[in-house]
Amino acid sequence: MIFFRSDYSAGAHPRIIEALARTNYEHTDGYFMDAHCEHAAALIREKLGDSSVDIHFMVGGTITNLTAISAWLRPYQAAVSVDTGHICVHETGAIEATGHKVIHVPGKDGKIRPEQIERIVEEHEDEHMVQPKLLYLSNTTEIGTIYTKSELTALRDVCRANNIYMYMDGARLGSALTAEGNDIAFTDLTGLLDAFYIGGTKNGFLMGEALVIVNPALKEDFRFMIKQRGGMFAKGRLIGIQFEEMFRDNLYFDLAAETNAYAGKLREGIREKGYSFMVESPSNQIFPLFTPEKVRELEKKYFFYPYLPLDNGLVPIRLVCSWATTQEDVDSFLQVL
Amino acid sequence: MIFFRSDYSAGAHPRIIEALARTNYEHTDGYFMDAHCEHAAALIREKLGDSSVDIHFMVGGTITNLTAISAWLRPYQAAVSVDTGHICVHETGAIEATGHKVIHVPGKDGKIRPEQIERIVEEHEDEHMVQPKLLYLSNTTEIGTIYTKSELTALRDVCRANNIYMYMDGARLGSALTAEGNDIAFTDLTGLLDAFYIGGTKNGFLMGEALVIVNPALKEDFRFMIKQRGGMFAKGRLIGIQFEEMFRDNLYFDLAAETNAYAGKLREGIREKGYSFMVESPSNQIFPLFTPEKVRELEKKYFFYPYLPLDNGLVPIRLVCSWATTQEDVDSFLQVL
Amino acid sequence: MIFFRSDYSAGAHPRIIEALARTNYEHTDGYFMDAHCEHAAALIREKLGDSSVDIHFMVGGTITNLTAISAWLRPYQAAVSVDTGHICVHETGAIEATGHKVIHVPGKDGKIRPEQIERIVEEHEDEHMVQPKLLYLSNTTEIGTIYTKSELTALRDVCRANNIYMYMDGARLGSALTAEGNDIAFTDLTGLLDAFYIGGTKNGFLMGEALVIVNPALKEDFRFMIKQRGGMFAKGRLIGIQFEEMFRDNLYFDLAAETNAYAGKLREGIREKGYSFMVESPSNQIFPLFTPEKVRELEKKYFFYPYLPLDNGLVPIRLVCSWATTQEDVDSFLQVL
Amino acid sequence: MIFFRSDYSAGAHPRIIEALARTNYEHTDGYFMDAHCEHAAALIREKLGDSSVDIHFMVGGTITNLTAISAWLRPYQAAVSVDTGHICVHETGAIEATGHKVIHVPGKDGKIRPEQIERIVEEHEDEHMVQPKLLYLSNTTEIGTIYTKSELTALRDVCRANNIYMYMDGARLGSALTAEGNDIAFTDLTGLLDAFYIGGTKNGFLMGEALVIVNPALKEDFRFMIKQRGGMFAKGRLIGIQFEEMFRDNLYFDLAAETNAYAGKLREGIREKGYSFMVESPSNQIFPLFTPEKVRELEKKYFFYPYLPLDNGLVPIRLVCSWATTQEDVDSFLQVL
């Protein structure tokens, strides 16, 4: 069985395993208070070109989102998201479990637009309604699309005008920033966002994400929140070591670019054979449409996620490439098609 | 600097690193739904001699406690603990953050006694007070002591009589079950407890715990809770692989016994030199008493946790051994003393 | 200024004031444990024709909703509502503040349909999503429409088939059950619903609602929840006395019918003058459409709630009648029109 | 049966009933946005001699405490209280249900001392523990004692030095400020406290409390919190009218003083007959000690709350006077003794 199911089906990039083995016998302090975490944070700050940001290492995506959002909102404040947003659909109500409503609006290509935020602000007029206070967005989005710099700038402007924090879920940030058509530099992020996380799990790590807090108002006492929500990893250095390895050169982005390249080959190969797509996505997730028979045939050899059939009878499937995808995997799929 | 600071200052036992490297290129399904997790759970069930229990792999201790307790209690129900209990002191209010009060009572050697539970039940007489519903205890306790089988049996009886769940935090369960004086077999646990977790982080893992749910009333929909609280690890197999490695033979308990042995040598060496202890602990944590001057001297070479001075001026310090402790570490400390 | 702003702008029906004055010097036990509360509950049970239900007196609508829903759902379970539902819009995230997501769907005339529930159940397929567990509906709805018996029966059937509780917010239950076109008897409710509340505040009480719990699974320990959420009123009898007065004869329903009659006169009078309505509502709330100029003119003499203009430029306004509305109020409005 | 059970066993002072009857046919806006609430707030501000405070009318004590504390604390912050504090014991975990730990310490005469707060601050040293942020105290205390001005001043100083808010539960504030030995003026409160509430329910109201927020940092968006927690009373004026009536002259304090006087007669009468007390309390609650036989005898005619027997076999009972207590009640009790 060849896996196009997710970008977390294999272990970690070999340099990660080597780094863990190499440092295994060091003794360090726990809870992200060690030299590896410190060094990893310094490397990230350097690549961001911003020495003022706070960086916290986190153990996974959902716990990052729920810890951050509950840290920053007062009890009656709400997050805003597109209806395909991860916090809306696939976190089992994790944000609501911390007490906060998630206001959602229909996305266009998985993305939210400034006028939707303005409308939400207008509608939430008094204390009988929640107060919209944080914009949640993902890049790449949940359906593999990416934001442009001008889109993010416009969102930032409407957020600032309405006193709304702008937070990016970067579970696939590497893929977004190395996708065809991306015009956002890593160094742009701190100027555009109040906070974001750099996803490791889906880009060749064993696990781990790095939360970057830009807005000083969001920094205070954040470690209390990490501990309270269960994310204060005892052997915190494990995440620090992985970020250190990925950011001491360009490995993080090289891996993402290579993964995007495999997805691109798959996408163009499928397109050449005359198939269409549910959405145009330039990143490591693609969504071709096949007949149910073709899907059943493909499922014999490939492991992937099929969606419910569209009205025209075609079935969208999600194919995901990862650091562990090979040229042979791609060739095989195209050949079988 | 030699570390007696904690049992999570080094990486993982070399067999863990090897197992991760060996399986690195396998592709598996995520979220603990892979063959390694399944196999690890089967090994644990086998060693417990109970095929009926549910086993969930968890990423850390605090998140295990908060997920479990909030899954099992209704909003007005409370946990009961000794005042040194981890959930009382060192989890930044994680249980309260899920909405539940933790009722606490003074411990004797870090342990709760049946009559304290009866008293709590008596005092909480109506709907103007919370309803005590879950007994939280740790073995080893936070001060390194262990429960005997008769103590646990007596607690179980009073819990059952009062419809209270009995849950054990087993962050250091390996150390407890291999400590001098322990009379509890691993196979006894399912008869004594409604649920407990088998700690990995503090016994040679990179990270990870295994929650064992015995009482059928506590099993339903538990994976929803794991996901909601942020513990649904994408590469879940990482924890499965570690438990597989530790439980395919007796490594888990061998490591714990060896660790206890080093702590025992340290303890007896210190005692022979005429020092006394804050508490008698047979496990991998010991608490000798020194003068402030002696503590300052020791701190030059050894990294450990000092407490506030006692009334007699002596300072208790916590020395912790781990799988990574060596004979040289122990000899060195005793020599410097 | 004449008030059509709400059904809670005046005090209480004079019989309520008299009853409070008459009983003022009695000494009773607190917290709804007095003879008046007991008697009031007996009267309600009698009128429902069901002696098995639990009845709890509550101080207001939002606190009833949040106490009930948080009592009945496990942490990962969600409520389902139309998007105009009170819990969705006008409770400042009260349900989410107790940890639960509210899944919402577009309403048709303010009402939810069985196929929408089936679709939600289908979409929420595993532990990565919340579990839909309670249907929240209001009768009358937030836009003054009413459910028919066959609509409620169909909803009940789909709820039962999917193990979903059905809960009715009866803030305006009196108005619903006495509206033109209603075919639901008060005695039908216990066969259709798992729980509901009988609204007092908006039907001539000073304050107070009566929560009726039909499903035995929802009854346990409910008073703990009332206390914890702050609804355990010390002088609980105040609410008991009001329900006693309203249900010792048919006052509750007579008042509602009379209120509906005034709203009906207003509605037909406005219709006769050639105006149309945002929605056809047979209850005590009506929503006529006027030009902005007309609205500004009416606002000089009448206090009501105007909505945002429609695309055709007309402005819907909400006119609400109450027990305190008079024939003069209605005549005056129609005359000024 | 004569009631010494509580200060909320009868209805309301006749002037309250009259005021409600007199204003019954007025139409006003809801949710505390009417002229009576505005006037009542103005009267309270005037009597406090501080025009800068925010005043919010609340429906009961527990909902005031939980709304206020959850509004003012960040998720990892805790309240501090004596172990007899109402929020510790008799609110069914209401504060914890909003996510916050209540740290408690043994009281002396029901009161907390500055050095206890200093100790708590010292012990809560880092992000592995909650952060003490709000001091909760009651005046009168739960056992009827009162704070002196110098005690409150000392507490205020230690709170300010440690950045801790000081909040007073004034369920029986009237009784405290008119008790023998009290040296705190009503006008002193805004200089001593960050916030407090003026209790109505236990001082002759039907229901209702007035929360006074002094510290500007605690004022923002408080009405959102009231609404979210279910305290946004539709006919809010009911509470405003009652405070208006009580504060348009000195009725609030006159009633409290009269109530204290009856309790004082009872206390001195009991003392003269040779009985002793569990605690010396100058307010409307007294706690005499009787033999079990005497308690059983008294229970035939009087309704009061007995505690568990002391070690010496004597049983403390709680006798509470209220606005509805009469000279005959007191005489009768003393006679029967």
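Letters A, B, C and D mark the chains as written, and numbering starts fresh at 1 in each.
What we mean here is this: contacts are C-beta pairs under 8 Å (C-beta built on N, C-alpha and C of every residue); 3 or more make two chains touch, one makes a residue touch a chain.
Model, not experiment: these values are computed from the prediction.
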| item | value |
| --- | --- |
| Between B-C and A-B, the pair with more C-beta contacts | A-B |
| Chain whose average C-alpha position is farthest from subunit B's own | C |
| Interchain centroid distance [CA atoms averaged], subunit B/subunit C, Å | 50 |
| Distance from the mean Cα position of subunit D to that of subunit B, given in whole angstrom | 42 |
| Inter-centroid spacing, subunit B versus subunit A (mean Cα positions, whole Å) | 33 |
| Where subunit C touches two or more other chains, by residue | 75-76, 91-93, 97-99, 127-128, 130, 224, 227-228, 232 |
| Touch list for subunit D against partner subunit A, complex | 70-71, 74-76, 98-99, 127-128, 130-131, 221, 223-228, 232 |
| In the complex, subunit A residues that touch subunit C | 75-76, 78, 89-93, 96-102, 127-130 |
| Contact set on subunit B toward subunit A in their complex | 1-3, 5-6, 8-12, 14, 17, 20-21, 23-30, 59-64, 66-67, 91-94, 97, 201-202, 206-207, 224, 227-235, 238, 303, 324 |
